[in-house]
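Some structures to go through are shown next.
Both of the next two complexes hold chain A, though its partner changes from chain B to chain C.
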Partner chain A sequence: MATIDFKNVQKRYGQFKAIHDFNLHVGEGELCVFVGPSGCGKSTILKMLAGLEETTSGSIEIGGRDVTDLGPGKRDIAMVFQNYALYPHMSVRSNIGFGLKMRGVPKADIDKAVNEAAEILELTDYLDRRPRALSGGQRQRVALGRAIVREPSAFLMDEPLSNLDAKLRTQTRSEIVKLQKRLGVTTIYVTHDQVEALTMATRIVVMRGGVIQQVGSPDELFSQPANLFVAGFIGSPGMNFFRGPVEIENGKAFTRFGEQRIPLGQVPQKLTAKEAIFGIRPEHLQVGETGVPVTLSLVESLGTEKILHFATPKGQETDAIETEIVSDEDARDKKTMLARVIDDRRYHDGETIRIALPEGKVHIFDTVTHEAIV
Partner chain B sequence: MKKRSLLGNFALYGTVTAVCVVLLFPIYWMFLTALSPRTQLRSYPPNFWPRDPQWNVFSDLLAAQPFGLWMWNTIMVATATMILSLTIGVLAAYALSRHRLRGGQPLGLFILTSKMLPATLLVIPLFAIFKSLGLVGSLWSVVIAQATLIVPFATWMLKGYFDTIPAELEQAALVDGCSPLGALFRIVLPVASPGLAATALYAFVISWSDFLYARTFLATSESKWTLNVGIATLKGEFVTDWNTIMAASLMAAVPIIGVYLFLERYLVGGLSAGAEK
Partner chain C sequence: MIDFSSPKHRSKFGYMLLAPAVILMALIIIYPILLSVDISLQDVRIARVGGTQAPWTTKNYDWLINSEEFWNSIWVTARMVFFVGGTSLVIGLATALLVNQKFKGRALARLFVALPWAVPEVVATVIWAWMLDSSFGVINWLLLKAGFISEAIQFGSNATAAFFAVCFVMIWKGYPLVSIMLLAGLQSIPAEQYQAAKVDGASVWQRFFYVTLPNLAPVIGVTMVMTTLWVFRDFSIIYVLTQGGPIGATTTLSMLTFEQAFSFFRMGQGAAVGVVTMIICAIISRALVGRFAKSVH
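Moving on to the complex of A and B:
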């Protein structure tokens, strides 16, 4: 168990700056998830922490010890790779015990540790098999076994679930969380999947273009996104955005959605512009008797849960620059807004319904900086 | 797997048989020539099995010529060439495959240029170099000369193989506490064993069949002759004893078959399956 500190870490490839001034403190026993779209630098940071990539400047500390210039083997970390990277010419037993062997641990102790790890991961029956004779899920567990057997001060996991099918992924996700809690080892977990991040993390680091966008608990990121990017990236389906005027009356702020005036509550301190980008999560939109009339263009039914698609009011669509910032995972037509409802009512395409935007659920963002206005 | 039709089976086995016949016929003919009495060698129509097989041709050859010495010299040369070429090839290929070297791309291509020149062209400068080093007449001259031909190709063969091995395997080994060379020897090379075996076989066969370099550098030191140089001396100016030459050639081919049988199990690919996913 150890803390991990990144201090002004930068990474350049020639002229290209992959990581800009990365600062982060990860506490003991935390499960910290780095999340972001592909190419955001999350894997680079992990590899720098592992010692597999050199840092251009800045320092990395594990347990208060500066490891910036140490090789991967001397950092007392274990890593789980996206493709598992099991040694194909070795049995499961040798794969799990390899790290201990390299550290000169006596054979009897290796056997004991391997058997214990195998028991935790239910691999005891497969110890003498080669990796190719295992299923995807079993290989994944061998990769985990290789990490836990060494009792390192930190686990680094690079998208360890992305090669599993959906059902196994959900199952393994909770197994990893349980295992991490049981062992209490500080863990850095990299994923592009925000659902994984939200369900697993004690703390999430959202990255984009080599820059940290926001660090916080899953709840914080969901309810108080720091900027448009985080707001769009976290949550599935992502947040709806629309452009609107800012009107202030008696210390209260309002905007317009279609023909309707939407109350925003107390005027936020930083709200000075005449226009802003507003965001509301699909699950916060309310279908009812009052509200803005909209025509449904598509109804996706998942049983009791329905995703209703309707057009953003004319003139209020966000433009191309802003659409870029929304998660690539959830690419969707930016002229469409979504409402997520759970009820027994039947909706059908072309139907006109009324949508209300409840006060306190509307997020306000600056049109230029895209920062949240609070 | 889809079941083949009767016609498909027929075509498959027919093709395999035809290919085998074409490939094995020269060897059969060598065998036939070795066993035939001299008077029957050029008979027409040809005999497809000698009426009176001369089995003593092998023992006569061993008694009359230092065949064992030639064989020993050839084994030494081929083994040394294989080890030297593989050592250089592995390190060069690994560097080219894994490290983004400054000028690595042109350097990699440059390695191949010596392969593009005919061996005959290199004999003269090599002879001059070996003469000044005092290596002419030594088996090392042949080993080094052959390695200059084999290393470029071996490097590219191995680089191609290393490229298919995921870098994460070595990264995992590094995290597990291996040094970079340790990761190469403990992880990459065992995983690359089919590629290594193919390259080793290539090096061994090329070296074994070399005549030009051995003939040029070893001509004057009879005790260092390799099989090919030795067998060539069996051809006389006026009379050529074809059955002895064929018997010698057949015996010279035996070790190659042995090496192939030994390496064959490593040649089977697919060992790296299971590393990922």
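Moving on to the complex of A and C:
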């Protein structure tokens, strides 16, 4: 168990700056998830931590020890790869014990450690099989076994679930969290899937273009996104955005959504512009008797949960920031807003309903910097 | 009219498409094999296809088993396969590992590695024959100048020198194929396996033994089969350099086949040597392919 510190870490490939000034402290026993769209540098920073990529400048410390220039084998870490990276010609037993063998641990001790790890991961019956004869989930567990058997000071996981099917992914996700809690080993977990990040992490680092966008607990990221990118990236479906005027009256702020005036509560200190981008999560929109009348263009039903699609009021679309919001959903139409409701009412396409935006749930962002205004 | 798109008849259509190729293969591969087996069972000096057939006899095979020449050529072939195969593998693997690294001029280096393979065999051998010549060859001149030898090596009349000269040219000609095949094999090893081994603390040599070699094993197997078969049946290098001499030192099975059939005009005996060579090759390739394939699957 150990802390992990990144101090002004940078990575360049020739002229291209992959990681800009990365500073982060990961506490002992934390499960810290790096999340971001592909190409955001999250895997690069993990490989730099593992010693598989050179660090251009800055320093990396594991447990207070500067490891910036140490080889991967000398950093006391274990890594789980996306494609498992099992050795196909070795049995499960040899795969799990490989790291210990390389360190010259006596055979009896290796056997004991491998058996223990296999028991934790329910692999005992498969120890003499080759990886080829295992299912995807079992292979993933072998990869985990290879990591835990060495009792390293940190686990590094590089999208370990992306090769599994949806059901197995959910199951393995919770198994990893339980295992991590049980062993208490500091873990860095990289994923592009914000759902994985929200469900697993004790702390999330949202990255984009090699720059940290926000660091915080899942709750913080969800309720207080630091900027438009984080707001749009975290949550499923992501946050709705619309452009609106800022009106101030008696110390209270208001905006307009269609014909309706929306109260925003106390005027935030930094709110000085005449216009802003407003955001509201699909689950915070309320369907009721009052509110703005909207016509549903599409209703997606997931049983009790429904996703209602309707057009953003005319003139309030946020086309200008379209490129800003990258989420793992398919390119979302920025002229459409979504409401997520859980009730027994039946909705159908073309129906007109009333939507209310409750006070305190509307986020305000600067139109230029895209930073949250609080 | 049969509708070949229907699932019921689809396989028939497949067979129909295959038929020309299968018939052609049968004609150009199976027929000569059967013909040589047929000739090997006849006591003939000059075989005539379509003429009157001599009665079948095992006389040629009796000669084979009792002939010193045959056992000598098996011994020569075995040594040559072992030496050429082994050395080509080592050089081929070394060059493959080298040109698999990232460095400036890698494309050019890969071209040079493959170059000997692209030169026609006879042309290359004639050039080597010149270079190895005992009175005006550059090799002897270099060795003399460097002081390694005091008098020119007689590559034509010294049995050991002739054997190694043949092996040397075969390796020179044969290692590029090994190198190209192994390079392809190296490129198919996932980078993550090396990364995982590095994180596990494996040194360069340990990564070579535990990751590179096992992953390459199937390719090495296939390559060794190809090299072995090539040495077994190669004719032009030996013929141009030594004609199988001196006193049988470089007479491999294929040289013996040629000698018996076309120098001494005992086609029955030549065919018998050919048939035995074929059987040995079939057994070796089956054994090697089976063993290396099994080591992974």
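Simple rule for what comes next: the second predicted complex is superposed on the first by the 365 of 374 C-alpha atoms of A that agree within 3 Å, B and C clash if a C-alpha of one lies under 4 Å from a C-alpha of the other, contacts with A are read in each partner's own complex, and residues count from 1 in each chain.
One rule holds in what follows: a residue touches a chain if its C-beta (ideal position, glycine included) is under 8 Å from a C-beta of that chain, and two chains touch if they have at least 3 such contacts.
Because the structure is predicted, anything quoted here is derived from the model rather than measured.
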If chain A is used to align the two complexes, do chain B and chain C fit next to each other or clash?
clash
Specify the partner with more touching residues on chain A, choosing between chain B and chain C.
B
Once the structures are superposed on A, label A:M102 by its partner contacts, choosing first (chain B), second (chain C), both or neither.
both
Applying the document's definition of touch, where does A:G73 land relative to chain B and chain C: first, second, both, or neither?
both
Should A:V114 be classified as contacting the first partner (chain B), the second (chain C), both, or neither?
neither
Using the touch definition from the top, say if A:V35 reaches chain B (first), chain C (second), both or neither.
neither
Is there a shared patch on chain A that both chain B and chain C touch, and which residues make it up?
47, 50-52, 71-73, 77-79, 81-83, 85, 87-89, 98-99, 102-103, 132, 146, 150
Would you pull the chain B residues touching chain A in the complex into a rising list?
166, 168-169, 171-179, 182, 187, 190-191, 193, 271-277
Inside the complex, what are the residues of chain A that reach chain B?
47, 50-52, 71-73, 77-79, 81-89, 98-99, 102-103, 130-134, 136, 139, 146, 150, 163
State the interface residues of chain A toward chain C in the complex, per the touch definition above.
47, 50-52, 71-74, 77-79, 81-83, 85, 87-90, 98-99, 102-103, 132, 146, 150
Residues on chain C engaged by chain A in the complex (per definition of touch):
190, 192-193, 195-203, 206, 210-211, 214-215, 217, 295-297
